[in-house]
Amino acid sequence: MSHNSFGHLFRVTTWGESHGAALGCVVDGCPPGIRFTVADIQAELDRRRPGQSRFVTQRREPDQVQVLSGFIEDGDELVTTGTPISMMIENTDQRSKDYGEIARQYRPGHADYTYDLKYGVRDFRGGGRSSARETAARVAAGALARRVVPGLVVRGALVAMGEKEIDRANWNWDFVGDAENPFFTPDPTSVAVFSDYLDGIRKNGSSVGALIEIVAEGVPAGLGAPVYAKLDQDIAANLMSINAVKGVEIGDGFQTARMTGEQNADEMRMGNDGQPVFEANHAGGILGGISTGQPVVARFAVKPTSSILTPRKSIDADGKEVEVVTKGRHDPCVGIRAVPIGEAMVACAIADHYLRHRGQTGRL
Amino acid sequence: MSHNSFGHLFRVTTWGESHGAALGCVVDGCPPGIRFTVADIQAELDRRRPGQSRFVTQRREPDQVQVLSGFIEDGDELVTTGTPISMMIENTDQRSKDYGEIARQYRPGHADYTYDLKYGVRDFRGGGRSSARETAARVAAGALARRVVPGLVVRGALVAMGEKEIDRANWNWDFVGDAENPFFTPDPTSVAVFSDYLDGIRKNGSSVGALIEIVAEGVPAGLGAPVYAKLDQDIAANLMSINAVKGVEIGDGFQTARMTGEQNADEMRMGNDGQPVFEANHAGGILGGISTGQPVVARFAVKPTSSILTPRKSIDADGKEVEVVTKGRHDPCVGIRAVPIGEAMVACAIADHYLRHRGQTGRL
Amino acid sequence: MSHNSFGHLFRVTTWGESHGAALGCVVDGCPPGIRFTVADIQAELDRRRPGQSRFVTQRREPDQVQVLSGFIEDGDELVTTGTPISMMIENTDQRSKDYGEIARQYRPGHADYTYDLKYGVRDFRGGGRSSARETAARVAAGALARRVVPGLVVRGALVAMGEKEIDRANWNWDFVGDAENPFFTPDPTSVAVFSDYLDGIRKNGSSVGALIEIVAEGVPAGLGAPVYAKLDQDIAANLMSINAVKGVEIGDGFQTARMTGEQNADEMRMGNDGQPVFEANHAGGILGGISTGQPVVARFAVKPTSSILTPRKSIDADGKEVEVVTKGRHDPCVGIRAVPIGEAMVACAIADHYLRHRGQTGRL
Amino acid sequence: MSHNSFGHLFRVTTWGESHGAALGCVVDGCPPGIRFTVADIQAELDRRRPGQSRFVTQRREPDQVQVLSGFIEDGDELVTTGTPISMMIENTDQRSKDYGEIARQYRPGHADYTYDLKYGVRDFRGGGRSSARETAARVAAGALARRVVPGLVVRGALVAMGEKEIDRANWNWDFVGDAENPFFTPDPTSVAVFSDYLDGIRKNGSSVGALIEIVAEGVPAGLGAPVYAKLDQDIAANLMSINAVKGVEIGDGFQTARMTGEQNADEMRMGNDGQPVFEANHAGGILGGISTGQPVVARFAVKPTSSILTPRKSIDADGKEVEVVTKGRHDPCVGIRAVPIGEAMVACAIADHYLRHRGQTGRL
């Protein structure tokens, strides 16, 4: 058991606060012989990094990853040895004065209050373990997880922001990583819409939620288990562990509550290659907790950050009633940066189940 | 690690198939000194039991629980000793012939196919571990979990079925358990609506999904952890592990993706008793993964069962294309019986975190 | 985490007290497709069963195992399906009156006292979970574990009892299971010696300890891990979890503290078949926590039972000073029956590491 | 599950190789509010550190610990926040050339061979995870564990080295840490004996084993569990996970195999303070897996290091027969430095069970 680890055979432990010396993770159970470069990991971290557009916090951390253990070098490449891979990111921009004003005030909707209730000891600077910065460690781990399953491709996209959503007819995976796309949206026509909308939010000192979709292709059939190790259950748990996530769904998700059995059935035929073919994917690639071989599809809802300029009624650590205004540097839509984090968490769940399936059945 | 267990300090392992001799669970880590009666457990099981109205499968199992270990007797009461509590329910109605026809056919939307892919060995009779019958064991465990946390009350209700939903203005917890209420709906006016609707579904040999809401009151503040042992994460995982569940949300859930920071903030004041008071509960009783002391609110979506009379295109275990029609006895809306199961899974998550919090902090 | 489970991928949970209705185990994670018969399991249980000679307790339990889940039938054989295998043994001989006299007295050297301290609630009848009867469940699980690793043979023998020990020059595995051998000794000449010795112990109402050796052949090289999942560590933990075990050693064990590096080195040559050959096995088949491919050798010490006729000074649950005399039916040397239990625990550790190794590396 | 973690509620994950950039640990689950200084941790590390006498390897690492997360500062003291505590030690003395000659040769009795078999990828420099250097991380974690249980004192001593052993009549805990005592022996008269003996061993390029005893005082009664979470089982597993340990015993350990029930019973009386008093401690403070309140006593055997100057027959990674001579810098008796490591591992086991007991029972 662990409060700061996830996964079973591909097991990730993260540590560190946003305003300490560093943060990092230890990846235990990674198979030996996996090849990667530090640049591979760094590239994933750079996608999550703040300070890249006016829509994300201007805290400028280089987020430079160091890989400290678990590999041997082979030219530019690192090769995993099967032992724990420790990765560390030093914190360089720790202006804790930003937080001074609200150090003892509880931001409504924030973990400040519950943290104090739980531990009785809190690092007032930047949210401690609840800081979004912790997610950098997940992204680093996810970069390795992606390499564990041959042929696995995990991609994510922002599909709605507040009252605005994309047009799925325009879905273009290539556009998600486009330099002109500050939103991870797959719909080029949505950029202008989201920009205008979020500028309004930002200028008001407000914030807004978002909806993220993750699609994993190349997931072998058979991963998961029927009851308490369902693949969708572990994906849901992993996504729900991301800060500010309040809902998770698989495939058609909440829509299935409205559907009939006829609508929801993913009918099957035999393909020309003698392999089964599904005519739909309402199930999101998972039936009875076990992968079908179709793309695995998950969506999660990110709430708006509680760090806003509009005064909110609250109390402080002494029980005094206060009006809280959060100045500091904050994202108007934390959901944007959740895209690479969601990808990482789904990749980790799949890598773990890949190893578990191999362990129990001897296949793969 | 375990494929058939959940929880850490309050740990539940379930076993058994729908068409074997019996099914059951082992509850490990239950504190000593908890008092209960077999009738307490049985009462919870009776709520989940099929055969109680025309809207649920007519498979008539008495579902009589036996408590085999982990207690001493004190008059009518059993007192837990701190050792594992084994509970067993014998299967008495195993008409496996019902399934003969579709034994080798894969029902679209069902776990048949993935089960075969994973294990290569399958019990054709009734879905094996994927059978809804496995959930009886969860309900038995949940009946104990409810007693672990003093003052805890966990209740659930069906809030939507297919295209129909309740009127929340009529919410009445007392009505949920009413003998005239076959739906676990909290809205008396909805019974006629759901009855008509589901009669239509049933007569068509179709099925429909549902939306369930669970509310836990009396949850002490401070349960959970900021990162990978979030209370909401473990509730989500537990609910997602129930058959046919495709989505889970906490508090305002997916709605938060559409909200602003102002809307989503649960403002706080000091109450007359010197205790903090929240003016809203958008967060569903959990902030940063840790309980606030407010009611914990979770919702989950149950997809329509894939066992329908309408022929669906599929293949069989030999790769032959077939049209599948599932006769047998099946619920037109499996979501109805998911209500007590959802309660049990939430109760187990809370009991586990109660013990974990006590272990780490020495409080409670 | 669990107080009543062991193993990770091959995971065993046991439950039940000696004087309740039944006891049993759930084996989770067993690979699908393993073939066995109920008679296979029963045969292992019969080896551990009391009442077979005058040297073991005359409590006569048939110890009839029922296999309740996790298989399909194929003629006489059961084939595992990959889902949890629940096995149960009903208690039929529960003469709790035997214990009446010492119900509230703490037997010196027994778990009575610590049990009360820990839980505050105790089943006075027969030691609760600390009863030797719990080990029947381990033996049942071990019978499956043996089948998980192709070619694995795990055998055990009693090598010393009190002041008497075997002559290793006479070691004969075939004799261990001989009908004329009530001691699991591998040395035919030792039977008369142990018989005389133990008759004396028994007539005095005394008890005596024993030393057991377990040898596992056919263990593939590469199982285990360098640090906290050492194969020898898990074997040691499994053996130490058996009642009354006070010491465990691997290979030359405690003797290595007296040896030099020259003496302890297992030198290697290349065999005619192009495979490495070790010229000795001081290491007991494990180097750096990982199996070498040589036989794995472990020994454990079983203390004398505390249930003796000689009065011992103690206190009772009310803090009153008493003289304890344990009548009841007790083994003069509980170590004898520890042989099949030790085998089972070693088999379970190896099966677990076999699946773990396969999971991480994809080999086997 | 994890190959590089141990403990459940007080959970330690270690990482790093001897010849990489750094090594370290993450301690998860430490209660909030524990006070310590970096100097406290460093003091423990300094006890384990090489280079302090002619009897330990002359590799001179400062082993300077950095505490990277999980605390707030309060003057000189650090106060734990309940979040993971990451500690790191940079490697500064990585003369990997020392190992060049034997890079591809398998040292008999060493993990080189099994490592290659398991992973197929090995860091030839210094033994990778099997290096004794990994144990620095355990000592750092143990320094925290000691503070988790109020009043706990865990001390260790070397009681035998090769053919020489201490005279227990001279036992003096104060002498163990004496500056003139390079052996952690509690018997002042043994220093000259051990010195002469080990000088001989060292000059011959040989090595020798040792026997270590750990005594934990102030362990509350009630820690542990009757079956698979026995306190002695977890202590045994923790000690067995230390490099080169081949045997572990609790209390009278292997001697109990030779004892009668009368000899082994720790008789009890009521003390003047109304508390039970034991008249002996053959059990080593643990009965039925649960602590009695007496001192917990464990011993472990450390084999001689396989790195010796005497040529030994072996093979290399290409299957060629070779004579191995290990030059480099090596301890003639690695058991000496195992004393603080053993203390740390016992302290971690006790801290974990302290939290587990509190979780399940609400006491402490």
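The chains carry the letters A, B, C and D, assigned in the order they are written, with residues numbered from 1 in each.
Definition applied: contacts are C-beta pairs under 8 Å (C-beta built on N, C-alpha and C of every residue); 3 or more make two chains touch, one makes a residue touch a chain.
In this text the structure is predicted, and so the values were computed from the model without any measurement.
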Co-neighbours of chain C and chain B - touch as defined: A, D
Selected pair, greater C-beta contact count between A-D and A-C: A-D
Whole-Å gap between the CA centroids of chain A and chain C: 46
Computed distance of Cα centres, chain B from chain A, in Å: 27
Chain A and chain D, separation of their C-alpha mean positions in angstrom: 38
Touching two or more other chains - residue numbers and ranges from chain C: 1-5, 8-9, 14, 29, 32, 82-83, 118-120, 128-129, 226, 356, 360-361
Chain D contact footprint on chain C (complex, rising order): 1-6, 8-9, 14, 106-115, 117-120, 128-130, 134, 160-163, 201, 206-211, 221-230, 232-234, 236-237, 240-241, 243, 246-270, 274, 276, 279, 282-284, 286-293, 301-308, 310, 312-315, 319-321, 335, 356-357, 360-361
Residues of chain C touching chain A in the complex: 1, 8-9, 29, 31-32, 82-83, 226, 355-356, 358-362, 364
Complex contact set, residues of chain B against chain C: 1-5, 8-9, 11, 13-17, 20-24, 26, 28-29, 32-33, 66, 68-70, 72, 79-86, 88, 118-123, 128-129
